[in-house]
Amino acid sequence: MIRSTTFLEVRYYETDLMGIVHHSNYIRYFECGRHKCMVDLGLPIERIENEFGIMLPVVSVECTYRKPAKMGDILRIESRIEQMPKAKIEVLTEIYNQNDELVVTGKVVLGFIHADTRKPTRVPQCMVDVFSPFFND
Amino acid sequence: MIRSTTFLEVRYYETDLMGIVHHSNYIRYFECGRHKCMVDLGLPIERIENEFGIMLPVVSVECTYRKPAKMGDILRIESRIEQMPKAKIEVLTEIYNQNDELVVTGKVVLGFIHADTRKPTRVPQCMVDVFSPFFND
Amino acid sequence: MIRSTTFLEVRYYETDLMGIVHHSNYIRYFECGRHKCMVDLGLPIERIENEFGIMLPVVSVECTYRKPAKMGDILRIESRIEQMPKAKIEVLTEIYNQNDELVVTGKVVLGFIHADTRKPTRVPQCMVDVFSPFFND
Amino acid sequence: MIRSTTFLEVRYYETDLMGIVHHSNYIRYFECGRHKCMVDLGLPIERIENEFGIMLPVVSVECTYRKPAKMGDILRIESRIEQMPKAKIEVLTEIYNQNDELVVTGKVVLGFIHADTRKPTRVPQCMVDVFSPFFND
């Protein structure tokens, strides 16, 4: 399994009339979490695109909201990849606040496409190389 | 069943490096669609909060991405409520582009809470009154 | 002079804790207004980039806030270009609400750069051709 | 003079088609900077509203763009208040990237209003108390 943690502070403009983080922003926090995960692994998303010509469009998103985050909260984004990606990659995320309360849980599935043709492809070899030590069973 | 249609033009700042609408924005378009739906019914979300003291926090979101929307696309947001809400309300949405191609599908579940106590409650009577003609089976 | 009008409905997620449109969003509305202006002229910003290889980065922005816009407001974006662009283009904007009250005024200055080299250039000929009938004095 | 520094990492969804941070986002970064400034002083904006009933609407914004910020850049937000606020407060901001290159400069002016009546007022005493040691000339 691959795991990564990152921290984000809630910004004022991310909150809405209810005084809480607008629900769409967690989808963006998930992205921050998985980008951090790839940076931790030495394979930033931008590098996969620039060097290997592969982009990772989002295929589906699920998010369940447990407890609202508020202005000033420091959120801990816990991302994990439980399965070696093949045609797709699945990233699970849990977000906690500074009191260690679960704020949201989510699952994001991404595909792989060639940047030039926009045609689907399988997990690029660069990712297999980086990921396989974490899945050697 | 309750149905509502609204149109939105993709704005430049909603697109990302890939030249397509950032996936988090569809969650926002869903919201525009269901707000329009409530306005069509004469019961805007703000009125439920201001007059009846009930807020509708989002409980969960699911979105499946079929075809990317691009800058300048005119999107048609089709929202529908298939079941009379009880403790929760479920809104299904399909978004199409100007060529009638399916862009995304989604499901958003909202709960009901008292604005002052933030405690959960059931569907408010004002909503039952407005919705029931659509579900008289 | 070149003038263009477009209408935008305030979206829920654009409002903040104060119940009003977050001030950063007007900068985005300005952009919607000037994009509409270019579309009206038959020369969308994307076309200038795709066909002529020129991009228009924003050089400076000024915005003065008169009256807050709220959820559900229908805003009228009035954009105008008073001077034939040379090294830069200046777009003035006024935003009014549905009661014809002035919400904000703004000025945005954009430059011209070559998309490939990112080097500054002067107003592209395609824009001169389209604009000159409006400035023949 | 009051000075404060904060750091922000550029997030993917803040970049646009040009691969750079959308110009409206710097207005948001300014806000992050001044919020941090107030937190440093022990007087967070929310506290001014909650405890003293005073809100600080933005009156005007100016931003000049020097060098684009890109995905992954770590930005340093330098905020400063050069004059003791009276009817308004003026916050000057400079944003630098990780290579110490100037990205943008900005000036934001905020007013003071009573949260309940939304009527203008002068700088609240709580702010005078906190600020005056920095302006004893």
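Going in written order, the chains are labelled A, B, C and D, and every chain counts its residues from 1.
Everything below uses one rule, namely that contacts are C-beta pairs under 8 Å (C-beta built on N, C-alpha and C of every residue); 3 or more make two chains touch, one makes a residue touch a chain.
A quick note: this is a predicted structure, and the numbers were derived from the prediction, not measured.
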Seminar exercise, completed: So the chain most remote from chain D by C-alpha centre is B
Exercise. Count the touching C-beta pairs: is B-C or C-D ahead?
Worked result: C-D
Exercise. So what's the Cα centroid distance for chain A and chain C, whole Å?
Worked result: 33
Exercise. So what's the Cα centroid distance for chain B and chain C, whole Å?
Worked result: 29
For this session: Compute the distance, rounded to whole Å, between the mean C-alpha positions of chain C and chain D.
Result: 24
Seminar exercise, completed: Each of the following residues of chain A touches two or more other chains, namely 12-13, 24, 28, 31, 71
Seminar exercise, completed: Residue set of chain D touching chain A in the complex reads 11-13, 28, 31-32, 35, 39, 44-46, 71-72
Problem set entry | In the complex with chain A, residue positions of chain B that touch it | 18, 20, 23-25, 27-28, 31, 55, 57-65, 68
For this session: Report the residues of chain D in contact with chain B in the complex, numbered from low to high.
Result: 12-13, 15-17, 19, 22, 24, 71
